Amino acid sequence: MPRFVGVANFMRLPTPTALDGLDVGIIGLPCDSGAPFRTGARFGPGAIRAISVMLRPVNPYHGNINVFEALAVGDVGDAPVVPGYLEASFERIEMAMGALVERGIIPIGIGGDHSVSLPELRALSRRHGKLALVHFDSQYFAGKRHSAGTPFRRAVEEGLVAPERSIQIGMRGSLFTPADITQSLDLGYEVVTTDEIFAAGFPALAERIRRRLGDHPAFLTFDMDFVDPASAPGVETPEAGGPTARETLQIVRGLTGLNFVGADLVEVCPSYDNVSQVTALLGATIIAEFLALLALRKRR
Amino acid sequence: MPRFVGVANFMRLPTPTALDGLDVGIIGLPCDSGAPFRTGARFGPGAIRAISVMLRPVNPYHGNINVFEALAVGDVGDAPVVPGYLEASFERIEMAMGALVERGIIPIGIGGDHSVSLPELRALSRRHGKLALVHFDSQYFAGKRHSAGTPFRRAVEEGLVAPERSIQIGMRGSLFTPADITQSLDLGYEVVTTDEIFAAGFPALAERIRRRLGDHPAFLTFDMDFVDPASAPGVETPEAGGPTARETLQIVRGLTGLNFVGADLVEVCPSYDNVSQVTALLGATIIAEFLALLALRKRR
Amino acid sequence: MPRFVGVANFMRLPTPTALDGLDVGIIGLPCDSGAPFRTGARFGPGAIRAISVMLRPVNPYHGNINVFEALAVGDVGDAPVVPGYLEASFERIEMAMGALVERGIIPIGIGGDHSVSLPELRALSRRHGKLALVHFDSQYFAGKRHSAGTPFRRAVEEGLVAPERSIQIGMRGSLFTPADITQSLDLGYEVVTTDEIFAAGFPALAERIRRRLGDHPAFLTFDMDFVDPASAPGVETPEAGGPTARETLQIVRGLTGLNFVGADLVEVCPSYDNVSQVTALLGATIIAEFLALLALRKRR
Amino acid sequence: MPRFVGVANFMRLPTPTALDGLDVGIIGLPCDSGAPFRTGARFGPGAIRAISVMLRPVNPYHGNINVFEALAVGDVGDAPVVPGYLEASFERIEMAMGALVERGIIPIGIGGDHSVSLPELRALSRRHGKLALVHFDSQYFAGKRHSAGTPFRRAVEEGLVAPERSIQIGMRGSLFTPADITQSLDLGYEVVTTDEIFAAGFPALAERIRRRLGDHPAFLTFDMDFVDPASAPGVETPEAGGPTARETLQIVRGLTGLNFVGADLVEVCPSYDNVSQVTALLGATIIAEFLALLALRKRR
Amino acid sequence: MPRFVGVANFMRLPTPTALDGLDVGIIGLPCDSGAPFRTGARFGPGAIRAISVMLRPVNPYHGNINVFEALAVGDVGDAPVVPGYLEASFERIEMAMGALVERGIIPIGIGGDHSVSLPELRALSRRHGKLALVHFDSQYFAGKRHSAGTPFRRAVEEGLVAPERSIQIGMRGSLFTPADITQSLDLGYEVVTTDEIFAAGFPALAERIRRRLGDHPAFLTFDMDFVDPASAPGVETPEAGGPTARETLQIVRGLTGLNFVGADLVEVCPSYDNVSQVTALLGATIIAEFLALLALRKRR
Amino acid sequence: MPRFVGVANFMRLPTPTALDGLDVGIIGLPCDSGAPFRTGARFGPGAIRAISVMLRPVNPYHGNINVFEALAVGDVGDAPVVPGYLEASFERIEMAMGALVERGIIPIGIGGDHSVSLPELRALSRRHGKLALVHFDSQYFAGKRHSAGTPFRRAVEEGLVAPERSIQIGMRGSLFTPADITQSLDLGYEVVTTDEIFAAGFPALAERIRRRLGDHPAFLTFDMDFVDPASAPGVETPEAGGPTARETLQIVRGLTGLNFVGADLVEVCPSYDNVSQVTALLGATIIAEFLALLALRKRR
């Protein structure tokens, strides 16, 4: 069947008739009420689904593992949101995520803007306690003024995150004040700038992440603006000077040996993804690589 | 629930679990192997579904009829096709259409290029005999060289169509030879040019169509290039100088009192539909108006 | 000086150093938190300013009046908003509008989504009491679910609007329920559908509006989706089948003899305005025509 | 042969090996140095050629005349230009046009911005004396400041044009000063606004043009901004509120009985023609209609 | 003469009046009937020609060789194709290629989708016997289901290719099954993944290719999806994570010392090449680099 | 205040009411009359201003320096130009630049095409004598035929530049003739190709530049086509195979210790910058990095 035939779920997965039995649930979080600059990430889940039909189930970077043989993965649709009312949207997202988490299903949220991580963490924390974060982002917490940039500060304040087990990776570019940096450090996060990624090399980065997190229940939050705008133009707040798609995939493939209990990929903004939708394609590919990491872990 | 939430079926219809019980089946026909110029109509069904979430069930132009209360309508997905092999694609389309027709379900095909009408008519003719055509198109049969333009000539030759009960509406623009016109007439079709539509007025056109078709089992085939490129830029073979969207909808709303047993809407080509996708929107709206015509008929 | 030189204010107006002395204030309202479908109207004010440099001060449709000789017009910049928090955004918009209204300056708001009309009406009503509305829109109040569609219902409930002096013009297309229509009527509005506009003719429409409003303090609210998507593709909720740009301008030019104390033009969504930005151009032209109406009134 | 095969000359004409024997020469004038606002009309000839492959030789609006049987038409390529140096560009254009005119070939220039009309008229006037102009444009001479707007004033001053035999059609929109209008009248032109076109009707317009020009050697100059931006978004200076494509073609088809010795079609600006290139398509269609007018005249 | 003047042949080459005397023939193969996902590569040859006017004849990477002094290169236009009928299209392509090959002209085909390589190899094999392939592609043979992905399997089966002299370079990303890899190996190909390219370095890759092919008559087939989508967004089946344009050009410049008798560059899909057409530009540049390789070989 | 609120000056700087007291003046130079291929750089200053609101004042690459605390920077608007008349445009640009230079203000010009460097150098040279150039460009002087490519040849001839203190960096791609290279060398420039940048490494390049220029009054001229088209698609003459955005920023950040008295960044062509405007973003970021270099120098 040609890949353009049919209504597109993520990677052409069937729509599950029930949640029970799933290992992993893909869930769209079409909330862009928190967008600080460009907006339209509400159409991010749809764009990622549409291009994800190009992806195939076997991952050659981890021993030709067939992801869908190792894991029961379902695309459970979108969480409802209330445009213009972030708090009300958060409640609905938390409820939808909770329905997965309480069944032991690992949720993978597709944003939406980065504000969605807060209700995701609320839902996950109820089951897993404080979470270790692996957080890819081009900007420091304080670098994104307005609501989409504050979820992680609030997550620490609400006790959802264990900052001493967390690491933020990829910051670059200009700051509002020098406090943008110290704020993250003061909260207890470890911080790795884009320059430091390349200075140390990718294997060293992976090792550093593993050392930081250990086997703590972990959440991967991937802001597509981590990637350079040439490879990911369709984001809310592009920042020049990041890794390429090839480098990004190498980094993600290195995240083995971690105890992920959830993930999200956020800030895909199709209105700005030119015609070719390379951001959506890369986002879908990163999710597929994350699925392989989960499959590997389960197989062991 | 905001309209951008969820995976988009046509007008947010649920995916039917079984065909039985449906009155009408919406079916994507993502075949563009017959495209004579611009191509990419394989993505037409997806684009029409995506924008159709904007449409609502009640039609105020026909007594506020609620289409989905009057009719059981289901979006049955796409027919499979074989890119590069028109004949093989036609077989698959005919089979998928046949599954609807043989259950008494009225199929509404979403193209795809205009070549898909041939297998549709093959499937319908097996149940209904020769069909009366209401055919909206900017070009004469012979004006579209290559395969996407020839389905109706072949349909007559195969005995699928009753030309004396059929009418082609909207031709305009230049010709390869004067025979482009006479060919349609020689086959027995009635022909109404765009200029004649406006000279006679829309009510007269509707009356003329009704006189021509009577209560014969009818098939509506709507090529989006009937509409002016300002209102429908995203087509395979745009022809300057057609009706606007408002005029087009008035014409379609006038097609009451006919005995439609099927329809298609073809040549939506999203790659050329600019950013705003007005062609897909208009196409979806025309299908919704056609559903209202079916609902009206059933109610009587 | 070529029109592409310099930083663009509306129609190349100078930035006023103080509000005092202005007759009219152009103010951007870059709020799109209430967008029910497509979003990005936060960039509407910028797009309208950028293309408005094409417009010239003399209006030949009203006796060659030079708008800027008749009126002191200033572009006062944008009201601040809080993305994701509609209520907080409304407070800031109301305050910015209030600063104009309390000085006797006629505000012309550039949206942003249609939710901005509510805080505008709050600010205006404090000075002028209940306002008469001339409301151009393709959709009934209830046809736009979610926040951007409810300002006028709320405006009536808050006593900001005199529905018996108000008229809504341009509705068309499908409905959620028949109550979409009756709701507007029950609130006391007069309602003119797109079909009725054309059935009666533009001069009759203008007369009907004048009869309805008399010399009551009036607010013009112009939703760009009133216009057909061919002429205004860049809107949040396009609805096929509306008037063309030429027809729209004729209608707006007919609104003489009314006592306008404010206006807005909303829902310009540049991300969907294709490349050519015809929606922004038409929006800017409509505002320029409205300025001419104000200039005419003042001259008398 | 499918229409997308091969390197595109205008309407798939062969490249002539010599000028002699041609009745009509299509010539690209890729000069945009005079563009007052949007620019890039240098790519206009290429865009028109590329889409013109859709057009066919037989014109059903004038007795099914086959244009290429009645006339020897050749696409002679582009005139060279010197970017940034209008005067030097004019010299090269005049020379290229002269090579056609002196052989008795009717030139049809494809712009390029409107400044190219000046060197065209210089070349034509050497053979034909003062020319009668049929000039379609949305703006008065003075409405287009800077060089692209002044060719006709200069053409009168240089004695290339007979203003008492000339008519300008389609002006609309705002003015710099009331003198924008009187300037054209003072030069001796007849002026028909867009509103007047519709008030009098198309047959009356055609009659008025014929009365004005008689059998004087005539030049048709067609600025694509005459057309509404919905139908012609890809122009240098769009002006909202013009005729649609269908109306435009009806007007052009009415220009029978005139003694055309040359023509141009200018201001097609592909960078702003969205994706669908409807401006280029309409421009090519207008040229094809003009060819039919020439063919008709020759046949008589 | 500015580079935007005139009708564009490849690198502004003159259209040859006869084939005889050419060393190399550039030929468009506008066939996209085999496209497995995105389509529209029929417009690839035109897009590459249009942007190729930017390229200049002297190549500084190989001793400032002037390609057009060393070689007689002609742009011979496009092979005709039959949309929707792959086999019939292949016959026409083979015939057009054959006309070059039988005259000893080295053909460089511009796709079109990758299916065109099969008829090219048929034509070349008649003269040269089994060909050694240098095949750049992001996907394994089996990774591209449907017709555009199968030409090389069929070419081996038809005896057109010497797999033991052939090498496929650049595969990456997910697989349908592990057999995707083994299938290529079982056919006898050597396989170099994207990761292996970078692990070994570009000089080692070039050496490996030379060792594999020796002086066997060789065919270069370059699928633009070899390149990362950031540098080549306009392809049929983008695969995230490939080499950049700079890396790609370094790799191609290293292919010295081989005995090329033909080449193609395929899958340029202008509808998806955003506005800037960087894929077409890179494609044209790769062809120019390949011309330099041929020129170098001839000079020796 | 969200960054999308308000009329955009560069980095949201206030419009200065007077020039006196400024250290640095940002000035738009919207001249594209010299564009040799793609055009529309007249809209470059506006595009860079619009996206520059994303940038923040503190630069972490140089000790967290706050640029706007160290320097008084003002956005002084655009220089007027005369479309189609390069020489007249140059006079106006020189005058506008002169107003800054004579007050001791360091000008940073935003192009416009590369021809604007000539009048800039004329204005600067009157105060500083012959200038040392750091010139980033993908093409040799002679590689850009027509006017936009010749400013530096003319600048040497007019005695505005000290070639023995100047260096051109980034050339790559094909040549018209081998003399393209020697011409630069014969004029006395030092030349570093793209390949040489990477062979020697970025620190060595910075050292080489510092050695070449010493403390001579220097002018940085940055042609955005230095960057690879994947990272900078929106330029006039893209050349495949350049550095990425990340590499480019590393190179620019290395330019410490130089005595800059002015700079420009040219050839941003928004019509070709796809939707995401990554070229404008990178251009704005480079200017911000240059401001940090000036701030660093001043602080010492």
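Going in written order, the chains are labelled A, B, C, D, E and F, and every chain counts its residues from 1.
Keep in mind that, in the parts below, contacts are C-beta pairs under 8 Å (C-beta built on N, C-alpha and C of every residue); 3 or more make two chains touch, one makes a residue touch a chain.
Values in this document were obtained by computation on a predicted structure and should not be read as measured data.
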Common touching chains of chain C and chain B: A, D
Chain centre separation in whole Å, for chain C relative to chain A (CA means): 40
Rounded Å distance between chain B and chain F, as computed from the means of their C-alpha atoms: 55
Centroid distance [mean C-alpha coordinates] between chain E and chain A, Å: 37
Multi-partner residues of chain A (each touching 2 or more other chains): 2, 4, 36, 42, 82-83, 146, 228, 230, 244, 271-272, 274-275
Arrangement of touching chains [line / ring / star / complete / other]: other
Touching chain combinations (by label order): A-B, A-C, A-E, A-F, B-C, B-D, B-E, C-D, C-F, D-E, D-F, E-F
Chain D residues within the chain C interface of the complex: 36-37, 143, 145-146, 173-178, 180-181, 194, 228-230, 233-234, 237-244, 271-275
Touching residues (chain side chain F, partner chain C) in the complex: 1-2, 4-9, 15, 28, 30, 42-43, 46, 49-50, 75, 77-83, 271, 275
Chain B-touching residues of chain D, taken from the complex the two chains share: 2-4, 53-60, 64, 66, 228, 230-231, 244-246, 249, 274-276, 278, 281-282, 285, 288
Partner chain C, residues of chain A touching it in the complex: 32-36, 38-40, 42, 82-86, 115, 146-148, 271-272
